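My structure is below; once you've seen it, I'll send some questions.
Here the chain labels run A, B, C and D in written order, and each chain numbers its own residues starting at 1.
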Amino acid sequence: MTDAKPLAPAIEKRVMDSFERQGLMKHLGATLSHLEAGKAVVRMPYREELTQQHGFFHAGGTTAICDAAGGYAALSMFPADSSILTVEFKINLLAPALGDYLEAIGKVVRAGRTLTVCQVEVFGVAREERTLVALGQQTLIRLDGASDGPKRD
Amino acid sequence: MTDAKPLAPAIEKRVMDSFERQGLMKHLGATLSHLEAGKAVVRMPYREELTQQHGFFHAGGTTAICDAAGGYAALSMFPADSSILTVEFKINLLAPALGDYLEAIGKVVRAGRTLTVCQVEVFGVAREERTLVALGQQTLIRLDGASDGPKRD
Amino acid sequence: MTDAKPLAPAIEKRVMDSFERQGLMKHLGATLSHLEAGKAVVRMPYREELTQQHGFFHAGGTTAICDAAGGYAALSMFPADSSILTVEFKINLLAPALGDYLEAIGKVVRAGRTLTVCQVEVFGVAREERTLVALGQQTLIRLDGASDGPKRD
Amino acid sequence: MTDAKPLAPAIEKRVMDSFERQGLMKHLGATLSHLEAGKAVVRMPYREELTQQHGFFHAGGTTAICDAAGGYAALSMFPADSSILTVEFKINLLAPALGDYLEAIGKVVRAGRTLTVCQVEVFGVAREERTLVALGQQTLIRLDGASDGPKRD
């Protein structure tokens, strides 16, 4: 990819460590599959524990990885002593969430001193096709002097 | 409660059965703790598997029960041969989601022939206090002739 | 009203002055009809200049007073040297916006040091009935040391 | 433009006529400056009547053209006997809305039988620069057998 903006190893490690500490991502079987400056991709393979009443991926899981992809896209752009919290987000569920896995691609639209806005696309990926299943728009707040460590400062 | 609108047993059973089929709610340890016409309450006790990087409840879990509470509030108002899908929702995360459990209270604001709109409040409940941690607004679509059963019709 | 929280005259004057400076509110014929701490009401009488293609109030006017009602509800709670900007909002249009006038009622749900969240209801008011036509949820940011005066500091 | 999808003259005329009937667009001085299948551009030149308290474009005007651009992008894709109503939308205000004019670009993300989802970008355009000032995500409902004429059927 010509437009990828690779991260400094220290920043990448910091973001990856933060993701690892998210008990929910582990519980859902989600992984941070790609990371560059201002962009993060989170994958979540299908399993029965993630379904809603019709057997599709539950909107709650779809939104969980949507939120995480936007949050880590944002965190990738900030210094080591800062942290990110989601202020709010909106998600449209466009199609039944089906596939071997879901992939949420979060991109920073505007990174401000205090607030950052991301767009997130979620795709259902099966062997032969890739379907846009959800679209999100998210606002995050940057907390300085509060490293994204295991305890809240 | 004087303003509760009790449900017919058949509708209550149908809604409860639908909730039971949601693999994700079981996986998150969430239960449908109260149901009346146009209102549903979903509880989710704290456990490490539900956390984000600071040890709070992850926004993904908060939104999962937010979505479920609104969805079942809506489903409680519709006939047996209809189903409900979330079209979109927006959630504001107002305070760190802490407590012994989270409780999402979904209420129908407007139930239309096709679209239904709900508001959802999520509280963090600890022994001594109850804090509003999230506020959601949700749009759902009713599918007639598609009972909320195990397969999509 | 027993639960009204009257404002200090200096704060009320500051909020009213800010509203007066909004060219758009004047252009739409909207007025700030009620103000108390954490709550603001904006009214907009019907006129042809405010319509959409079917002759109802246009969603753009509905959202304009929705945004203003939330913003002034928030501003009513802050000190004189602070200003408020809307970060984002979401609105559901629940019913055709009809009536002699629209009335937007904004209420602060959470007032934080940096961010404030409001809920706004918009009613269509005719002689004999009052219909909820829109429901909004809004996030605002407080700017300190930037009085809400005619120029941006 | 290589990827423009020109409209049949009858559809273009129908969409233009609908825009002309919107009293609010005329009152705000907004025009439908470009239209193709699934995309619409609405422009609104600066004037004092459109301002908020600091002299920028008021968020209410920004959202009015945001809503219109999405709505007409959607309407461009539907048959002559159908109409479109906005169900809900969410907008992030990313930067102060300044410029000689604002330009809202609405694009259909998913056109369904009942519901259509659009994304809308709003730019502030000055002689020398073009700034993204707002980003919206919108849900619309298609009404069949209800031509977008002067009266509601």
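Annotations
We take it that a residue touches a chain if its C-beta (ideal position, glycine included) is under 8 Å from a C-beta of that chain, and two chains touch if they have at least 3 such contacts.
Treat the numbers as computed from the prediction; the structure is a model and nothing was measured.
Taking the mean Cα position of each chain as its centre, A sits at the greatest distance from subunit C. Note on interfaces B-C and C-D: more C-beta pairs are in contact across C-D.
If you average the Cα atoms of subunit B and of subunit D, the two centres end up 33 Å apart. Centre to centre, using the average C-alpha position, subunit C and subunit D are separated by 23 Å. Distance between chain centres (mean CA atoms), subunit B to subunit C: 30 Å.
In subunit B, the residues that reach two or more other chains under the touch definition are 87-88, 90, 92, 117, 139. Contact residues on subunit A toward subunit B in their complex (touch as defined above): 18-19, 21-28, 47-56, 58-61, 63-65, 67-68, 83, 85-93, 96, 148-152. Every residue of subunit C that touches subunit A in the complex is listed here, in rising order: 87-88, 90, 114-115, 117, 139, 141.
Taken together, the subunit B residues at the contact with subunit C in this complex read 90, 92, 94-95, 109-110, 117, 119, 132, 135, 137, 139.
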